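Consider the two complexes below, in which chain A is the common component and chain B and chain C are the respective partners.
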Partner chain A sequence: MLKAALACGVLASIHVTALLADFASPVPFATQQREYAFAPPTHIRWFDREGGFQLRPFVYARVDATNVKRYPVQFFVHGSSYQLGPVTLDRHLFGVAAPARLFLLGTDGFGRDQFSRLLAGGRISLTAGWLATILSLSIGTGLGALAGFYGGWLDHSIMRIGEASLTLPWLYLLLAGRAFLPLGVPAASAYLILIAVVGVLGWARPARVVRGLTLALRERGYVVAARGFGATSGYILRRHILPDALPVLVTQAAILVPQYILAELTLSFLGLGIDEPVPSWGNMLAAVQHYNILVSYWWMLVPALAPAAVSLCCFAIGDALLRRRRAVPL
Partner chain B sequence: MIRFLSRRVLHAFVILLLISVLSFVFFQFAPGSYTDAMRLDARVSAETESAWRTMYGLDQSVLTKYFRWMRSVLRGDFGFSFAYGIPVSSLLWPRIRNTLLLTSVALLVSWSAALGIGALTVVRRSRAVESVIRSSMALLLSIPDLLIALLLLLFALRTGLFPVGGMASLGTAHTVIAHTKDVALHLVLPALALALLSLPLLVRHVQAAVRESMCAPFVQAARAHGIPAGRLWLAYILPAAANPLISLFGYSVGGLLSSSLLVEVIMGWPGLGPLLLESIFSRDVHVVIGTTVLSALFLIAGNLVADLLLYAVDPRIRWEQ
Partner chain C sequence: MQIRRKCSAAQLLLLVCASSLSAEDLLVTSLPPGRYGGDLVVAERSEPKVLNPVIAVDSLSREVIGLMMADLVHINRESQRTEPALARSVDISEGGRRFIVHLRRGLRFSDGHPFDADDVLFSFQVYLDENIHSPQRDLLIIGGKPVSLTKQDQYTVAFAFAQPYGPGERLFDGFPILPRHLLIGPYKEGKLNKSWGLNMTAGEFAGLGPFRYKEYVPGQRLVVERNPYYWKQDSARQRLPYLNRIIFEYVGNEDAQVLRFQSGDADIISRISAANFETLSKQANGVRRLIDAGPSLEYTFLFFNLNDLSNKSLPQIESKQGWFRDLSFRRAVSMLIDRQSIDRLVYAGRAAPISTHVTPGNKLWASSRVTPVSRSLETARSLLASAGFSWNAGGKLIDGAGRPVGFSIVTNTGNNERLQMATMIQQDLEQAGITVRVVSLEFRSLLDRLMTTFNYEACVLGLASGDVDPGSEMSVWPSDGSTHLWDLSKSGLKSGWQMEIDHLMASQMRSTDRAERKRMYDRVQELIAGNLPIIPLVSPDVLAGAKAKLKNFSPAVLLPYVLWNIEELYWSEQ
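Now for the complex of A and B:
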């Protein structure tokens, strides 16, 4: 239980940080500082060159040809302004004074701060994961409940199609599905297409679970009683069956969200997902397809660790939920 | 047996037909076509484009196109690739061979490793071993597939122990032995990546299956009768654990193909994956459809093999027939 609580906390903080990306990142994600292309992560120091300890962490920056100076890391600094809901703010969580630069995770080939892009990309990737999950769950719940409740040929045909789409190689299916839709579209439509393809193709797994549940619930005493009192099928589904499916859907979400974030990662990596200039975890990684970037600039791989953290948390939560469901008889 | 097999094959055939029809219908609505890229060249006029479309029958109805494609499938051509100007099958065959080589080696490695690890954790019953294995599998499961492949690639690039990209170095094909050795060396990394990707799921299922069959009453009885451990494993525990594992094998082929696509693209292995990706970008319709149908065929073949194995191993299924 402790592990699940910890996972919830980490997951929540990842989401909050991504949500407040503009505040938490020192510079806007699109700002290019070309003279700092592929700058390694800035070394934050506590000890200066003379070996003296500084209470406030600092970075070194070159001020002219011969001199370097200390610049302390400051918190809640003024910087470029951004919109947070209705208000315009210009405070950033941390930063350093002008000639110095603070790249927590280095920069990419255009001199864009990787840390800022990681947070902004997280906003895109996490939203994609969640929206696709919601889409999958709604389609899956609808079809699964129909199949389980009405049975017969409807059940048979829905479940056969579901099995077929479950066993087909997922990535091939995803790519083929993506191939049917336009390439080279504006970023917003590419984003929606990605969510739609991933969400629609993943309906089968939740549908199977919901169908099984509906089959079991359909024969329960209170459902039979409601039917005896003349309740319509729609009423029974709405009032008795779907509310009971909710905990199962939460468990499913814990499985699907990381899977769909990985789908975004893969598709964008292959160039079929979200395009530049909007950052996402997938298209940030696309740069390492060049061997020289992979070998020379290790910090370009960092965006792949973020989904790993999300997956680890989601698996822990899903595990705990499953165990709890087994402990409490349905 | 024959009835069992023929029903399975018929089933597979219907699914393949359905997939081909679906992909054709969907592609009818897909925006963009191969000729779009042609028109980027200012010297290609609209008339040239439409003449080209007529030549390849792109202006016909879906039904006509489908039947023409079907005829070419029966001839063994699988349609015509616009980008390469040759029948799709001559593109696909070498790619299939490479993908099959990669996936079968990875399959062998990952299953042997999974059986070893799964059995080890169940037999040893050591807390430390189990927790190490469990956490490393959880880690392996949550690290994106991309990253595992990229890290292996990075390892190869940094150490220079393994060749990177492609499946053969230039100028090594002098003798059969040298060529085989070269291909094997190229195979190590992609196969290792692929095996690592499929390992966590397999280990979990092997553990569950072995644990269940170890606790079965007949195994307990056999143990109580003093049957030695070796025979106990080979004749009692493993056969009883085989049924769910063989079904898993059938299911895991799909996942293996998906991971294989990614690994092939990242490591530059000339399999079906890079071909599919390339044909999507160039809107080379028949290649996309051919690759999709073929991947489904692989999957169905995998399931068929699993069914046959199940038939051979599990007497209950034979009895039901």
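Now for the complex of A and C:
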């Protein structure tokens, strides 16, 4: 349980950080500081060159040809303005005074701060994961429950359509979808439409799980009793079957979210990800497919840790839920 | 008596051999002697599609074909000028309407069969045949009429043109001479298009190039071997080429190409990105030599949709064409783009910012009168203001009707450089309050939008000239050109400067006076730089590498970048 609680904590903090990305980032994710292209992570120091300990961490920056100066890391600094819900703010969690620069995770080929992009990219990738999961689960649960509960030709046709959709070459569908999208659609919307398509196409697997569960549940004594007392099918589904299926759905969600985050990585790798300059974990990692970047700039690989962490946390939670469900018989 | 008769027969044989050898009119180059032996391994991304020069269009097929075939007159990729090849000389008469081509005598195809005027007549008959659909055919239609050929004797062919042909003997560079004895059969049967596919056997092939076809293993490699009948010699009268075999290995992508070169499995690398070139340069040791041959003939550019969309029902794009057609708007966009940063970040400093389509790599035709574009936010803003644009309270550019100014730039997925350029342009234009969306599309759907539906606003693309001569740009700059990308609608709404370009391009093709052609082409360049139908960005360098032991390796900016002097390459002893 401790592991699951820890995973929940990490997952929650990743989500909160992604939500507050503009505040937690020292610079906007799209700002190109071209003179700092592929700058390595800034060295944050506690000890100065003379060996003296400094209470406040600092960075060194060159002020002219001969002089290097110390710039302390400051917190709650003023910077570029951003929207947080309805409010316009200009405070950032941390930063350093110019001309110093603070790149926690280095910069990319345009001189854009990788840390800021990682946080902002989290918003897109996590939204993609959740959106596709919710769509898959909603459609899958609805159709799976109907198929399992009513059986007969309805069950037969829903399951055959499901199997057919599993064999669809979704990558080509996405390529076609992308080609036909109007150019005027903003980058994030265009991208979320594609993710929604992925989510909708993914309904068959959860539908099969829910159908199996419904088939078992509808024969339970309390369901038969409810039916005997004259309960309608809708009532039985709503009051007895779906609530019992909920733990299974949560476990499914824990598996599907990382799966769809990985799908986002695949889309970006194929150039179907979100358009520039909006970051996502997928398009940040897509840069690493180039050999020269892989061998020359190690910090470009750091974004891989984010989806890995989310996946591990989700799997830990899913695992815990599964154990709990096995421990408590239905 | 018997012995005497035998002796005289042997003497006669010797005499015949000697006379046949002396009749072999070989081309003796000034090349210092090299060393025979060794193979050359070239790692390529993908395979050639066909080895038939009549129908080959992709550059990889043409590269392999170039090793095995020869043309009448050849363009020296280094000097960019023509030099005799299978033709010993060409006499031009009747004010450029008639070319008398004198062929080298006694040459043989790679299978030992003699070469003469009949092969030339047959080759051009094939290239001109409408049923064959050769991509080169259009080049032989001059003044609306096909070139006509007459055989004057076994080694002399006359070419007659309907009008004087400006590029002159450069024409012959793209027409490899075919072996009549092997291809006349398939041609008569209507099967020439199917001949010389990748599945042919070595016996089915013969050419006049330095190498001849040996074998092809699908998905793995293609091997060509030394042609013992090749017609060039070095200064020590050693017959070229020096190398025994060229082995093309197909590795799938550029990164695999780089790794093969790095590990020493491949001897030559070309067509690599600047980023990979830099990576290899950092790891360079005495074993490998990397060469930056300077700006290529490729020009990358941004262009707006200037097609007539009145019958396309694309009202959103049509409503923006007012801005795109405004020269001040295009000039302001051009001035906002930081070409130096594109050079530095996208091409690692291995590109040249350009202000017209003729790149600095074109030594013979680049105009010195075209000035580089200087980036200036202030001038751009004043240009926009003078054209009726203004800025709202949020700093966004709005037009005279108060509409915010913004557009999308499409580019193709898989081309990282173009995507990077579009992203940089996005930020550059943001500084003047212009909102740009970058949309990357799969290449075929991009082409469909550009060429057929015209459903795009702006695009970043690149074109590469096949030759330095302005004749190679005839499909791009005249308003009826098939690659006149920004306005393919042929609406008839031509601006004054476009009409002048049409006139100048047509005139320079008719003129045989090089100085006059240069003057006309200079003017075309000025018109393009001044009116910006495209906004030129940069011209990437030709980057290549080879093992240091490979001698005479000298990449050029004309295709094929590295194998153009394959017959001269040899391995040094160290």
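Following the convention adopted for this analysis, the second predicted complex is superposed on the first by the 300 of 330 C-alpha atoms of A that agree within 3 Å, B and C clash if a C-alpha of one lies under 4 Å from a C-alpha of the other, contacts with A are read in each partner's own complex, and residues count from 1 in each chain.
Just so it is clear, a residue touches a chain if its C-beta (ideal position, glycine included) is under 8 Å from a C-beta of that chain, and two chains touch if they have at least 3 such contacts.
For clarity, every value in this text was computed on a predicted model and none was experimentally measured.
Enquirer: Which partner does A:40 reach: the first (chain B), the second (chain C), both, or neither?
Expert: It touches nothing on chain B or chain C.
Enquirer: Which of the two partners, first being chain B and second being chain C, lies in contact with A:178: first, second, both, or neither?
Expert: A:178 sits against chain B and chain C alike.
Enquirer: Which partner does A:72 contact after superposing on A: first (chain B), second (chain C), both, neither?
Expert: neither
Enquirer: In the overlaid three-chain picture, which partner chain does A:270 touch, first (chain B) or second (chain C), both, or neither?
Expert: Once the two structures are laid over each other on A, A:270 reaches both partners.
Enquirer: Once the structures are superposed on A, label A:99 by its partner contacts, choosing first (chain B), second (chain C), both or neither.
Expert: So A:99 meets neither chain B nor chain C here.
Enquirer: Give one of first, second, both or neither to describe whether A:307 is in contact with chain B, with chain C, with both, or with none.
Expert: first
Enquirer: See if chain A has more residues touched by chain B or by chain C, and give me that chain.
Expert: B
Enquirer: Could you tell me if A:295 is touching chain B, chain C, both of them or neither one (first, second, both, neither)?
Expert: both
Enquirer: List the residues of chain A that touch chain B in one complex and chain C in the other.
Expert: Looking at chain A, the two contact sets intersect at 175, 178-179, 183, 270-272, 291, 295.
Enquirer: State the interface residues of chain A toward chain C in the complex, per the touch definition above.
Expert: 30, 32, 34, 37, 109-111, 175, 178-179, 183-184, 186-187, 190, 270-272, 275-277, 290-293, 295-296
Enquirer: Would you mind writing out the residues of chain B in touch with chain A in their complex?
Expert: Residues 15, 18, 23, 26-27, 29-32, 138-139, 141-147, 150-151, 153-154, 157-158, 164-165, 251, 254-255, 257-259, 261-262, 265-266, 276-277, 280-281, 288, 291-292, 295-296, 298-299, 303.
Enquirer: For the complex, give me every residue of chain A touching chain B.
Expert: Residue positions touching the partner: 164, 167-173, 175-176, 178-183, 258, 262, 265-266, 269-272, 285, 288-289, 291, 294-295, 298, 301, 304-305, 307-308, 311-312, 315.
Enquirer: Can you check the complex and tell me which residues of chain C touch chain A?
Expert: 254-255, 258-259, 273, 275-276, 278-279, 282, 316, 338, 341, 344-346, 408, 410, 413-414, 416, 419-420, 422-424, 426-427, 437-442, 445, 448, 455-457
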